[in-house]
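Take a look at the following structure, please.
When the chains are written out, they are named A, B, C, D and E in that same order, and each has its own residue count from 1.
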Amino acid sequence: MSEFLLLAALFLLGTIALGFLRVHWGPSRADRIASAQLVGTGGVAMTLLLAAAGGNSAIIDVGLVLALLAAFAAVAFVKSTSADGAGDPEENDE
Amino acid sequence: MSGFANVLTVILVSVGLVFFLAGSVGLLRFPDLHSRLHALTKADNLGLGLIALGVAFQIGEPYAIVKLALVWLLAVLAAASVAQLIARSALDRLPAEGQADRQA
Amino acid sequence: MTGVIVSAFPAIELSIALPLVALLTAILIGGKLAPRLILAVGPLMMALTGIVAWQVAEGDPTRVELGGWEAPLGIALFADGLSSSFLLLTAIIMSAVGIVAMAGFDARDGETSRSYSFWALFYGMWAALNGVFLGADFFNLYVAIELLTITAVGMVALGGTRAAIRYLLFALAGSLAYLTGVVLLYAEAGTLDMSLLAANEGDASVRLVAGGLMTAGLLAKTALFPLHAWLPPAHGGAPAPASAMLSALVVKASFFIIVRLWFDVMPEAAGPVLVQLIGILGGTAILYGSLLALRQARLKMIIAYSTVAQLGYLFLIFPLSGGIAGEMPWAAGAWSGGMFHALAHGLAKAAAFLAAGLIIEALGHDRIDDMKGIARAMPVTVFAFGIAAISLMGLPPSGGFMAKYLMLTAALAGGHVVIALVMMAGGLLAAAYLFRPVNRAFSGSDIPEVAYVAYWRQWVPLILALLAMLLGVVSAGPYEFIQIGRAVTAEVGIE
Amino acid sequence: MNAALLLDAGLCLLILTAAVLAMTGRDLFGAIAFFIVYGILIALAWVRLEAVDVALAEAAIGAGLTGVLLIGAWSLLRRAGVSEAHELSHWGLRLVAGLASAATTVVLAAAVLALPPGREGLAPLVTERLADHGVSNPVTGVLLDFRAYDTLMESIVLLVALVAVWALTPASAWGGVPGMRQHARPDGVLAMFGRLLPPIGLVMAVYLVWAGSSQPGGAFQAGTVLAAVWLLVVMAGIYDEPPISSGLLRTALVAGPAVFLAIGIAGLGAGALLAYPDEYAYGLILLIEFTLTFSIGATLALLVAGRARRAA
Amino acid sequence: MMATIDSALLFALTGCVLIGLGLYGFIVHAHLLRRILAFNVIGSGIFLLFGALGYLGAGQGTDPVPQALIITGIVVALSLTAFAIALVIKLAEEEKTAVLDAAKTAEDLHE
């Protein structure tokens, strides 16, 4: 079983590698940061597979921390694109 | 682990992987940021959910299963919020700055 | 009876803990209290380090296991003659600097960013210095020198951002090299404790790579030529009390680790190539630093370039010991001369920078050309600078003289004619670059108008300079003291 | 080749790719994005090396906090009008750098391969001594018991780094509030995110410290999660940063190291600095961990926020 | 199924290459933010090397002592990074540059 889970993790690594291309190409910064987010989700999935493969549920905590913090860089980026650098893109919506 | 659980795990994880692959391909092939964001949030989070479910069948401890659920919940929450915010902020800057971003 | 109590007193542990207590207090309270803390911490630290020195002098080198855990699991503190000398030097210089800075970094008009951060950085630096001088574990030393780096760069940043960034870049590169060496050392030996490493010879080639990396990193932090480029802007641009600590103590801390590494931990590992290379760099530093010091227009810059030069002498102990394993009879003399130099230079350099700082306070600048007659306005300060200059030049009867005498003796005994010539040239050049400001200060006949500088503050650099002098006058005692715990004792030295 | 080795080879390859792109990418923002990706992958490498404690720290710091720090810096630099143009340095310099880096890699690799086999490290000794003293997670045991002095100094390094950042505050803003005043649409996604995540983060932080005594986790990982949560609350415009002159804030910063130091000094009574009496070891370590977590969280959050910029 | 000895060696060598890559970046880049990135890449390469060697040595799992030292190292590196970034931001806001200019530093000192 763990052989399968490791191969699954390897497959995920492949999809992450595809995501690399978008981080590299952009073209916009939003593209780059969004695809970095994708790598984060893939990383979370990998921790789960590795937890099962190694029979160590403490590894899930790593996934938990990654999932909690993966969004932070993107939030910081979104804030930086607002007019004064401290706002929110939705602020002026009606 | 029973054989049945193993079969379920293999099926769930495999389908999850397909979604991840679809997400990545979408991220590469879709023409603009907004459709790419769709690919990212929908496919990946579905994939993650399926993988978490598959993994749950391998892990006996109940509290670990709670953690798995929490991981998925957090990932969905984060991806949905971030996708919305990025999409919204890109809207403000299109088309002018979307082009300006396109530097070497 | 009191002897028993004193010898059991945990002075080593407390000389780490007390600066930390002061640091936390300064961060918590800030405001008007932080500048006055020195009045309590200074005397206490002098007493504590005095007790450490007494314990070392009475007994043997002292080793303390923290948490009660023996190495390799735990971390030890270790005090021998050398470390307690540096500990005491630190206590003296930091107290002196603290007293002078009480007026410059006060909070009379409420807390300011300078007065707040200076004192926290000051006590952080003190803790880090004591941590380095007492450290017996190479990873723990890494943490201590990083603490030192942050406090030192933080102080430089009070003077200018660019100099601070340049310093930080060198320091960061140095940290990484040092850390890489530590990693290899642990992988090879399974411990980072100095005495355990010394007891087991290990794999010579891995140790040479590890030691080389650690040394390269530490050299960047010590600013040995050609890794010196950051020092003059940093030491010349920082507020004068900060410069005093940086030049007198901070660069010595990384040098101290180099000495521990090669002389105490792996004396067999250094090949002749490494020894010669370090010697050549040291000699070049002496000449290069001195020549540039001659060309400076500002007093603090002269003193800063003088540091580049004077640091060069320290590294001459590598070739002068005749190979680090030190079979030569003059090896211990060379080693002791180098350590003496570090101590005497510390006192004299701190005095020189503090004096320069007071002159800047009085004149508003430190351009040598516009310093005419300052000796008449600030006789005590200029006198302190002059005395410090005597020790820096290596004239008798100063501590600087004793250091250079010992090293010169070793050079001649070992047939190192080139080194002897470089040392003498360095002495002449030092006389030239230090004479210039002193000469300016005495020239003319008017008394220039200067801002008020409290008289008692002017005495502080004088006391430091006189201590540098005293080190030469009563050299026999300190000379024997720094050797406590050394494997090779001196056969050639002070008669 | 088995699946494990294949996976590790793939992971190493991807780590190296991310590093190359972070080092050489033309676009500065792209380089930062790759650095964040790199942090995520390094965390996975730690999982593979069965160093889950380190993986947690890397996930929280490398993949999380450092990213926020870098993007914040990038944004401020851009607003300050700094050019991002990627000027290719002189080919001579690149050649020298390439040679130096290749030589370094080769020497290090040679040293790694020259290491004598059969080195045990300290793992057996740690397990042996841990058995009847304090906590059961060996890493926490090393951090807070065997090498507590390192950890104390490290918490001081963090604190002093914050003071050094504060030292850059211009005189006019001293005692004021770090960063810009953040604001967001009150009923928007960001504000919602900023309200939903913190409770989860708080629970997770407590869990990480608590679990840290017996399984991977500990004060630094938990403190980082706390800091991240606080930063999110600020970014969502829900609360503002406290002024750096606040006595409460300074108490929060100092509390952890102070409790650690006080217990350490009290240890002198038990025979050595930082020694814990056997019967209290577990409780004391937990007390230190909890206060340290709190202070580390506050310190890290303020480190990321930077120097004070506006009056309180 | 966890990493094998071969894998650990792989990670150790990856660490060595990362140190080299970071060193390259640290030397060639003038932009200070990029040099800070390079510093962090070198740092994590060193830690990876440390951990992998600890794994090689311990035989089972990674030696807890290097793990603890690495966590300490990560926090120290973060402290240095945060301070460095604060300095770079200050430089940028004062002089609109994120590049150190040696000539300008020298000018400061001669007023």
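Throughout what follows, a residue touches a chain if its C-beta (ideal position, glycine included) is under 8 Å from a C-beta of that chain, and two chains touch if they have at least 3 such contacts.
All values reported here derive from a predicted model rather than from experimental measurement.
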item	value
Any chain in contact with subunit C as well as subunit D	E
Identity of the chain that, by mean CA position, is farthest from subunit A	C
Furthest chain, CA centroid comparison against subunit D	C
Chain pair with the greatest number of C-beta contact pairs	D-E
Averaged-CA centre spacing for the pair subunit E and subunit B, given as whole angstrom	30
Mean-CA-position distance for subunit D and subunit A (Å)	18
Chain centre separation (subunit C, subunit E; CA means) in Å	28
Whole-Å gap between the CA centroids of subunit A and subunit E	22
Multi-partner residues of subunit C (at least 2 other chains)	73, 139, 143, 146, 150, 153-154, 157, 161, 180, 187, 190
Interface hub residues of subunit B, defined as touching at least two other chains	70, 74, 78, 81, 85, 88
Shared interface positions of subunit E, touching two or more other chains	1-2, 19, 49, 53-54, 56-57, 65-66, 69, 72, 76, 79-80, 83, 87-88, 90
Residue ranges of subunit A touching subunit B (in the complex, touch as defined)	1, 4-5, 8, 11-12, 14-16, 18-19, 21-22, 26-31, 33-35, 37-38, 41-42, 44-45, 48-49, 51-52, 57, 60-61, 63-64, 67-68, 70-71, 74-75, 77-78, 81-82, 88-90, 93
Subunit A residues touching subunit D - in the complex, by the definition given at the top	3, 6-7, 9-10, 13-14, 16-17, 20, 23-24, 26, 29, 32-33, 35-36, 39-40, 43, 46-47, 50, 54, 56, 58-59, 61-62, 64-66, 68-73, 75-80, 84-88, 90-91, 93
Residues of subunit C touching subunit D in the complex	10, 13, 16-17, 20-21, 23-24, 27-28, 30, 64-69, 72-75, 111-114, 116-118, 120-121, 124, 127, 131, 139-140, 143-144, 146-147, 150-151, 153-154, 157-158, 161, 180, 184, 187-188, 190-191, 203, 205-206, 209-210
Subunit E residues within the subunit C interface of the complex	19, 26, 32, 35, 39, 42-43, 46, 49-50, 53-54, 56-57, 65-66, 69, 72-73, 76, 79-80, 83-84, 87-88, 90-91, 94, 100-102, 104-106, 108-111
Residue ranges of subunit B touching subunit D (in the complex, touch as defined)	70, 74, 77-78, 81, 84-85, 88, 103-104
